[in-house]
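Structures are listed in the sections that come next.
Each of the next two complexes has chain A plus one other chain: chain B in the first, chain C in the second.
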Partner chain A sequence: MAIFSVYVVNKAGGLIYQYDNYVPRAEAEKTFSFPLDLVLKVHDEKVVVSFGQRDGIRVGHAVLSINGVDVNGRQTAEGKDIVEYLKEPSNYPVSIRFGRARLSSNEKLMLASMFHSLFAIGSQLSPEVGSSGIEMLETDAFKLHCFQTLTGIKFIVLADPRQSGIDGLLRKIYEIYSDFALKNPFYSLEMPIRCELFDQNLKSSLEIAEKAGTFGPGS
Partner chain B sequence: MTVHNLYIFDRNGTCLHYSEWNRKKQAGISKEEEFKLMYGMLFSIRSFVSKMSPLDMKDGFVAYQTSRYKLHYYETPTGMKIIMNTDLGVPSCRDVLHQIYSTLYVEYIVRNPLCVLGEPLQSELFTSRLDSFVRALPFFSVRAA
Partner chain C sequence: DHRQARGTSINNSELFTLTYGALVTQLCKDYENDEEVNKQLDKMGYNIGVRLIEDFLARSSVGRCQDFRETADVIAKVAFKMYLGITPSVTNWSPAGDEFSLILESNPLVDFVELPDNHSNLVYSNLLCGVLRGALEMVQMAVEVRFAQDTLRGDNVTEIRMKFIKRIEENLPAGDE
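Then we have the complex of A and B:
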C-alpha cells in the first residue's frame, strides 16, 4: 500500500540519511469545554494523552495544535506551558488537535542507532550458526526491512505490511547510493548525504516500487 | 522447518521457562546472561517499534527474521511474553503462542496451587506437556543433517 520512510545508517550506527515518503494522518481535532475529560502528561518533552480515549483520540497521542496554532513541544506558540494553559477555565472552550507525535530529527538519530544495536544483538542471540542481524521486523502496523551491505552500511525501509518488492527496492537504493553519493566528489564517507541527485533518484524509485508492489503477493 | 527454542518471561523480566529443541549454536554466554540479553532486546524493540510506528498499533511487535531464523513474539495483556525461535519457513505463530498460554500455562501453572507465580516454573507436568505440544506442531521436524 505504501512506503513510509527510508533510513540510511553508517557502519558506526549514525544516521546519515532519512526521508519520510508518506506520513499517514492519524489526527483528531475537537473542541473541549472546561473540565478537560482527558488526562494529559508530559512525556519526552511532549504533552500526551495518558488516560481517556474518545472520538479517535487515543492514549499516546500528543497535542499537536491548540485553537489551530501548532504547539512547540510542551509549550503553546505564545510560549505558555500547555498543561498550565489547559488548567485555566478562562481559556475554554478550546479546540485541540491530537495525533501521533511526529519524530524530531534527534529522535530519528536515536532510533537509528538503537536499531544498529538491536541488529547486532539479534545476530548474537541466534540459535543457528552464521546468522545476520535483523533483516525484517514485523508489527501489525508496518514492516521494517533492513539490508546491510558488505561495507556495513544499513539501508532501512519502513513500509506497509502488504507492500511487496522491498528487497528489490533496498538493492536499488544501494545502487543509487553508490552512483550518486559515493561517486560524488564532494561527498565524504560516513557523513550525512546531501546530494540532490541522490534525493531525486531515491524519490523516483520509491514511487516505482510503490506502484509496482501494491497488492502483490505477501512479501 | 523446525523449532529452535522457546522462552517465557514474566512482566518483570524473570525467565520463567526455557526449553530448546534443535539449537545449533549457543550464544556463548551463561543462560542467565542470555535471558537478560533476550529480555533487554525485546524491551528495546517494543519501545523502538512504538516510537517508529507511523500509525497506531494494536498488537505491536509480532516477529522479526534474520538470514537464518525467525523470532515470534506474543505478549499477554498481563505482560507475560512468550518467544519462539523457528527457521524462516514458518508462517505467523501468534495463535500457536496464544495456545501455549491458554491451554498450557493457564491450565498447568495458573490453576496449580503449588506453583508460585513470578518464579521460574518447576512443574514437570507443564514441561512435558509443552514439549509434546511443540513436537506435535506441523512445522516441527528435524531437518536432514
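Then we have the complex of A and C:
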C-alpha cells in the first residue's frame, strides 16, 4: 500500500507544492545491435516507442537513458538528437533504458491548474445546492483525494486505491502547512513552498500514514 | 508532539506580554505618532490574521458559519479561548444583525500596562483588530473592527466592535455559492 504523491494548490489554482513519495517505475534496460528493431518517434519533446513492444519495453515508453547517461528530452546528454544518433550503425551496440516518462514540472503545473477548474465544475454539476467540489477521483491504478479548506487552499493526495486513512492524512498535512509554512515569517502566502521543515514533516507523516493504514485524530 | 508541549501557555504568558509591550514601545519610538502606531499595529495584526486563520481551521473542527451570529460565537468562544485563553461575551447586536460587540473582562496583552498621558490616542491592543480583520478576510468576509472602549484609556470595560461589511465574492472557493 502506498501514497504516491502530494500536491498543494493555492486559491488561484497555482501549484505551490508537489512531492512524489513513491512512483512505481516499470523500466527496462537492454543492449541493442544495429538495426534497432523498435520504431521510435518524437512526442512532446520526448523519444517514445511507437511500435515493437517486447521484453518489458512497452509502446509509449520513453527513452530515459543511453549507455547509462540520462537523456535530455529528445537529445542525448551531449546534445545529439537521439533519433539521428540511433540511425548511425557506428554507435552500436548501444544500451538504452526505456520507461514511463516522468511528468515535468510544467506538466504538473498545468495538471494542477486543470484540476482546480474541474474541482469547481464538480460543484456546478451538482443537482443539489451547496455541493462541495470533487473530493475523490478514482481510477483502477490510484485514488486522488482532495481537501479544500475554507480559505480555498487544496491539498491533494494520490494513493493506492486500497490505502485508508487519507482523510486524516489530508487534515494532518493542513496542520503541517499551518505550522511549517505559515508560521515561517519568510514564507509569502500563495507562493511556492520551499521550507525544509515542511518537507521533513510531510515526509514523516506520509510514512506514518502508509504504515498505520489509518491516521487517527489527535496525532 | 510540539503542540501538546505548548498546551497551556501559563508559563510563557509573561514573555508574551513583555514581547507585545516591547513591540508597541518600539513602534512608538519609530513613528512618534499615536495614529501611525495604531495603523502599524493594525497592519501587523492583519498579517498575523491571514496566517492564524489556517492554524485555527486546521486545529478546531469548525465548519463554515451560516451567518454573522454564528461567526460571533465562534470568535468569542473558540478563537479567543484558543489563542488568548479568555472568552469575551457577545452583546449589543445592531437591529440589522450586522454589528456586535465583544466585551473583554480581561486582556492578556495589557497585563501590567498603564498608558502615559502623552499617548492618549494610542490604541494599545490594536493588533487584535487587524488579526480579526485578516482572519475573516481569508474566509471571504470583509469586516470593520475597532476598539469602542478600552480600560487602558479609562473606560470600565474593553469593548471591540465588529461590523460586517460584505461577502468577498472574488476567488470564492468552489462549492461555496
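The definition used in the following text is that the second predicted complex is superposed on the first by the 210 of 219 C-alpha atoms of A that agree within 3 Å, B and C clash if a C-alpha of one lies under 4 Å from a C-alpha of the other, contacts with A are read in each partner's own complex, and residues count from 1 in each chain.
Note that a residue touches a chain if its C-beta (ideal position, glycine included) is under 8 Å from a C-beta of that chain, and two chains touch if they have at least 3 such contacts.
Quick caveat, the model's predicted, so the values are computed rather than measured.
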item	value
Fit or clash between chain C and chain B when superposed on chain A	fit
Touched partner set for A:R194, first chain B, second chain C, both or neither	neither
Which superposed partner A:K183 touches (first chain B, second chain C, both, neither)	second
Partner chain(s) touched by A:G122 [first = chain B, second = chain C, both, neither]	both
Which of chain B and chain C A:S132 touches, first, second, both or neither	both
Which superposed partner A:Y174 touches (first chain B, second chain C, both, neither)	second
First (chain B), second (chain C), both or neither touched by A:L103	first
Between chain B and chain C, more extensive residue contact with chain A	B
Overlay on chain A, chain C to chain B nearest C-alpha distance, Å	10
Shared contact residues on chain A - chain B and chain C	122-124, 129-133
Chain A partner contacts - residues on chain B that touch it in the complex	4-5, 20, 22-25, 27-28, 34, 37-38, 40-41, 44-45, 48-69, 71, 85, 87
Chain A partner contacts - residues on chain C that touch it in the complex	1, 50-51, 53-55, 57-59, 63-64, 138-139, 171-175, 177
Sites on chain A touched by chain C in the complex	11-12, 119-120, 122-124, 129-133, 148-153, 171, 174-175, 177-179, 182-183, 189, 219
Footprint of chain B on chain A - complex, ascending	4-5, 22-24, 26, 58, 60, 100, 103, 107, 111, 114-115, 117-118, 121-142, 144, 158
